[in-house]
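Letters A, B, C, D, E and F mark the chains as written, and numbering starts fresh at 1 in each.
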Amino acid sequence: MNARVFKPEAYLIEQQPYYEPISSEIELFEAAYHNQLPLLLKGPTGCGKTRFMEHMAWRLQRPLITVSCHDDLTASDLVGRFLVSGGDTVWVDGPLARAVRHGGICYLDEIVEARKDTTVVIHPLADDRRVLPIEKLGEILVSPAEFCLAMSYNPGYQSVLKDLKQSTRQRFVALEFDYPSPNLEAKIIGNETQIDAAVADKLVKFAHMTRHLKGNGLEEGASTRLLVHAAKLIVSGVNPNLACRSAIAQALTDDSEMLLAINELSVSLF
Amino acid sequence: MNARVFKPEAYLIEQQPYYEPISSEIELFEAAYHNQLPLLLKGPTGCGKTRFMEHMAWRLQRPLITVSCHDDLTASDLVGRFLVSGGDTVWVDGPLARAVRHGGICYLDEIVEARKDTTVVIHPLADDRRVLPIEKLGEILVSPAEFCLAMSYNPGYQSVLKDLKQSTRQRFVALEFDYPSPNLEAKIIGNETQIDAAVADKLVKFAHMTRHLKGNGLEEGASTRLLVHAAKLIVSGVNPNLACRSAIAQALTDDSEMLLAINELSVSLF
Amino acid sequence: MNARVFKPEAYLIEQQPYYEPISSEIELFEAAYHNQLPLLLKGPTGCGKTRFMEHMAWRLQRPLITVSCHDDLTASDLVGRFLVSGGDTVWVDGPLARAVRHGGICYLDEIVEARKDTTVVIHPLADDRRVLPIEKLGEILVSPAEFCLAMSYNPGYQSVLKDLKQSTRQRFVALEFDYPSPNLEAKIIGNETQIDAAVADKLVKFAHMTRHLKGNGLEEGASTRLLVHAAKLIVSGVNPNLACRSAIAQALTDDSEMLLAINELSVSLF
Amino acid sequence: MNARVFKPEAYLIEQQPYYEPISSEIELFEAAYHNQLPLLLKGPTGCGKTRFMEHMAWRLQRPLITVSCHDDLTASDLVGRFLVSGGDTVWVDGPLARAVRHGGICYLDEIVEARKDTTVVIHPLADDRRVLPIEKLGEILVSPAEFCLAMSYNPGYQSVLKDLKQSTRQRFVALEFDYPSPNLEAKIIGNETQIDAAVADKLVKFAHMTRHLKGNGLEEGASTRLLVHAAKLIVSGVNPNLACRSAIAQALTDDSEMLLAINELSVSLF
Amino acid sequence: MNARVFKPEAYLIEQQPYYEPISSEIELFEAAYHNQLPLLLKGPTGCGKTRFMEHMAWRLQRPLITVSCHDDLTASDLVGRFLVSGGDTVWVDGPLARAVRHGGICYLDEIVEARKDTTVVIHPLADDRRVLPIEKLGEILVSPAEFCLAMSYNPGYQSVLKDLKQSTRQRFVALEFDYPSPNLEAKIIGNETQIDAAVADKLVKFAHMTRHLKGNGLEEGASTRLLVHAAKLIVSGVNPNLACRSAIAQALTDDSEMLLAINELSVSLF
Amino acid sequence: MNARVFKPEAYLIEQQPYYEPISSEIELFEAAYHNQLPLLLKGPTGCGKTRFMEHMAWRLQRPLITVSCHDDLTASDLVGRFLVSGGDTVWVDGPLARAVRHGGICYLDEIVEARKDTTVVIHPLADDRRVLPIEKLGEILVSPAEFCLAMSYNPGYQSVLKDLKQSTRQRFVALEFDYPSPNLEAKIIGNETQIDAAVADKLVKFAHMTRHLKGNGLEEGASTRLLVHAAKLIVSGVNPNLACRSAIAQALTDDSEMLLAINELSVSLF
């Protein structure tokens, strides 16, 4: 029952992750990758950006190192630091340096959450120099052609305080993501949960209703991920309205009036 | 007279914790648990969320590791850190890594109090990857099926500064908690304190009076926990009005006019 | 002439501290203590809360460990930390863990001054679990029945920034403190300083005059402690008006007009 | 030409520091000292508070340990900390613990500049307990009768952010300081610099002119210290107007119009 | 496939970096360099400042040490620090000290992002003293004639909070950079990507359209770097409009209306 | 080509630094120095304050230790700290302690940039006690007569946040600095660069034009230092208008209209 531990050499994705392309994002990623240009994935939460990265890492057969960015992620957390071992200080690569050294893909999830020093540390990697200076070692790592830098952000959250500087933005090729088309989304839900096609269609309809409420009381609409959650609960025998309420409505908002309204939407469908 | 010390292997709850379900929360928890979906418990303070988690941990026979979140809880506090021992640095798992490694339940109490990096560190555990990257070890822990992530928060406290990001919310199945129905609440008080049923009923009535004052001078009404406190004092021989004042009214507010008003309510009952 | 050093085992109060009860606070404390409920002492500065705690610790024959809370008190300061000794790291209990381990009384003075993580760390100790998780040891301390948690705060200082959260408040039985009645206060002053009863009465009158100015130019009125200070100076031969000015008026305010007004009050009495 | 180093045992003031009392401050200090009450010195900068403390330390033949308070002074800076030496951690007393241990006088200069934790750490020393808990050692230092706690602040600077809390103020006996009377101030200047009595009188007149400007363009008037500076420059042959400008006017303000006005005042005198 | 590592001695640029001068910036740099005056490069992102520095380092045959500045870059990061090795502390030069010691060029990229202490640490290097005090060693490094200090910033980003102090600015000779003339820019794109001259011309036209939108909804116009990105994607077979959208429009803005407008501009060209 | 390293004993200025006095600042400095009074140098950037200090250090034959102040300069950076060496902690003096110990001149450049704790640490050195308490050693350093404390600041930058406290100001004798008279300034430029006297005169005229713009679009006018920069470029063959633009106008401002206006001024002269 113990957790499985794997080491960096095992950051390779072995089995093809299920991914349904919504546009030409796969071709665009490959063109940028082969031109050694860094990538910026834009789109709302839960629409498949992380899954897409896993799919591309599998396609290109490169190890994928994902870093969830946050306010307290320091440049050292990315590049590496010295640790004391047996009385001596030993250098330990951070995830970014590891990705550069092994020609992997480094994916910085929600980059706008990072502190400015994290964002700046990738600048020399994200232009045609493609180098990572490790000041503390007095070294410069030169990326192999296989290394790829990618990052994601959700433009919907962009605020004055949490914005990408132009000197950062203007180094990346951007890929736009959005929710899949209704048919595709129902297909994805079915594939992930083996739920009835009819119920999957209703869930997608329900999702669209919530997405129309974005900006009218909801910060975001239901993501594909939430539909999968609800479908799983329904397959396990939970009443569809309770499943929609627990897995979708309550995940979207705490406002009691909005919750009532959204529940009425689900009752109208199930 | 010394405190009893127990080790992680003893995080198992051995005796069934007393818990009265208020709705279908037990079934919903089990459905989410068996689908390996993370859980979010919403509800006011003192209504039994922590007790519910202890009950479920006992039901599922999994160790329960509870973390009270706060502003200064770092990602390292959750994941682990290196400590120096005998001149060497030794890795010590944090509570989250321990729960993942042993297939336990990790319960993050009052998650909105946590810093953003704590919230972000659980993202890869809270989607279908179910992994915990330990950057400092260069390892990725893959959760066993038995691992469960749960967190609580009180929507009543939600402010602009302390809100869950959509990219966090949209990973969890939510369970709603509220105060029990009058009969059930009186039964709980009686069970915990062996107080007279008539006095328990009066305490519940008193609680409802204070709950109606929520938003009209009180931030919160009296929780079930406070009723149990007052009942214990009464059983020990404290005058019911003094018990209500000390254990309930003074715990709710410092405002002298509100205190007078609440005391009049208790005097009208006892 | 050197300071006397004493060790934790000596935190027991050996001689009965002088304390005059103002209401049923002793009985209420004992009822809560025997029901293993934590205590919150509310009241203005200098009215005897600390002395009361020393009295109760003596009554119950438990060691008393007092912690003055402040902005920089960390959870580690309370719970404990690792120190390096002879090359190894050794765990050293903080005052809270020490109190739990030895079944003592831990008194957190001015709790609202503490950082949020200090307040949160006591949550599992302050509900019916009565445990102190020591994350850094991977241990859970279970309190013996003798352990008692108490904390104080002055509702007069309560501000939006420095307030107790409902999830903290709703765990404690509250005891209200205020200045003693005139007769009792004069008796206390006499007992502490052997001053003339007539002068003690005048000091109490003077104190009441300043207490009426609370909210009208004074943040607080004179506490019993300040009356004792003035009485000591008078017994040492200082002119009563100068004693009132130095020990009371100047301790209350820096405002030159208020100082004039308060001095006129003392001149009218002495 | 090297600096002289002296150790704590040498904190005793050997030669009588020159001090001219302005009121009954010496008697009041002694009464408070013998009643073991802590002292608060209030008054503007440069009016002799530090010199007074040196004088009292000499009178009472106690070592004087002065700490200039500031925003970054931690509780550990006052109480002490562990240092590593030869692989072990060794405890080193801070100035406050040193003063308690050796029965000295600890003088906290400009206490309102200190962080809240510094202020709080002195609470148990500043009431009738007169103890200094050293949490990190698990020890409590009990002050000998000879120990004295004193602190200074300038009420003129008092702001909302930098104010003494009532729970701190209401522990101290306050001594008020102000500039000496004209005759006394001229005597002091003459004593410190051997300047002509006539010039000393003019300097005092000049000082009074600037003190009338307080609140009308000047934050503070010229202190006695500045008069001594100007007198020293004049004795060294500097032109009196240039001396007043450099040692007094420029020390008071940067405002060019105020500087002009103050220079005209000095020209009218010299 | 592993990254190439090189050491400080290899900071020399071996091959001539392609650079098209836009004015007399090369002569001006050389005049300042030979007079040992520090240099400030002003200009928008992506217009070639970094490439210019590489070109000058190659011309002058000096090692080039580039530091990307950010909020968390400390003075120690630039000057150096002690590291523990084999039980002893060993001094390790930072990039600035390394550049001074070896007579290299230290280039501080985006200096306004740095903390004030970083900016101040260069003051003694940036006036005629040309020294770097290393306080922690008690040493002063005197720059050899070959050492050169350069820094860049983008005046467009200048805000009240992130401004260069006059005491910093007034130490540097400034070089102005801007986008190249249309012909030159097309030549650069062709040289970097081997794209058709006609398409390169269209890309430059497109860039000018976006540059006219600066201040009218765009923070910045498309840089030369973005044109090179789009050209690379086009050469790889990506549709020119998709290439302009992904590599240029999406890199400039997230605003959906601006994106529509910019896309119409590209459609009008391709 | 390597940098020259020199040790503290070599902080003596060996050759007379070129300095043209603008008023009686040399005499005033010497009078203050011999009376052991600390000095405050006020004046705009680039007008020669640092050069004056080097000149005085040479005149008095005392080592000069300069510290550029900034937000992150701690009291420990000035006073000293413990470093680990061979397993033991060794005390290392900071620049201030070094200056006191060796009777040198400590010059704190731009003192208002320093944190409050830096400013406070110099208080006991800057009054008649002339001592530096080293709390961490439990030592007090008594300054020898030769020690001198000096600091500079630019009143033009003075803001509410960055102001000297009265308790700091009122310890120093102030010296006022300003730009030299036209003839003197031309002489200085000629002496530093060997430029034609006629061109030097024009540069001074140009500087005066920019100084009249102070407060009308410019934060500061051109300092003498900038004139020397421009002169050096002109001597190296750079066109005078380009030299004025690069070395002066661009160093003063980024505002394009101001730049145009200033360039017209230079074109009118050269």
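In this text, contacts are C-beta pairs under 8 Å (C-beta built on N, C-alpha and C of every residue); 3 or more make two chains touch, one makes a residue touch a chain.
Quick caveat: nothing in here was measured; it's all calculated off a predicted structure.
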Minimum number of chain-to-chain contact steps, subunit A to subunit F: 2
Touching both subunit B and subunit D (chains): C
Fewest touching-chain hops separating subunit D from subunit E: 2
Copies subunit E and subunit F touch via same or different residues, half shared test: different
Equivalent-chain rotation between subunit C and subunit B, CA atoms, steps of 5 degrees: 60
Intercentroid distance (Cα basis), subunit E paired with subunit B, Å: 52
Between subunit F and subunit B, distance of the C-alpha-averaged centres to the nearest whole Å: 60
Mean-CA-position distance for subunit E and subunit A (Å): 30
Residues of subunit A engaged with two or more neighbouring chains: 84, 87
Graph class of chain-chain contacts, one of line, ring, star, complete, other: ring
Ring path (origin subunit B; first step to subunit C): B, C, D, F, E, A
Footprint of subunit F on subunit D - complex, ascending: 1-8, 11, 45-46, 50, 66-73, 77, 83-87, 92-95, 98, 109-110, 113, 154, 157, 219-220, 222-223, 225-226, 229, 232-233, 236-238, 242, 246-247, 250-252, 254
Residues of subunit E defined as touching subunit F within the complex: 24, 27-28, 31-32, 34-35, 37, 40, 42, 74-75, 82, 84, 87-89, 100-103, 115-117, 119-121, 123-124, 127, 129, 132-133, 135-136, 138-144, 146-147, 155, 158, 165-167, 169-176
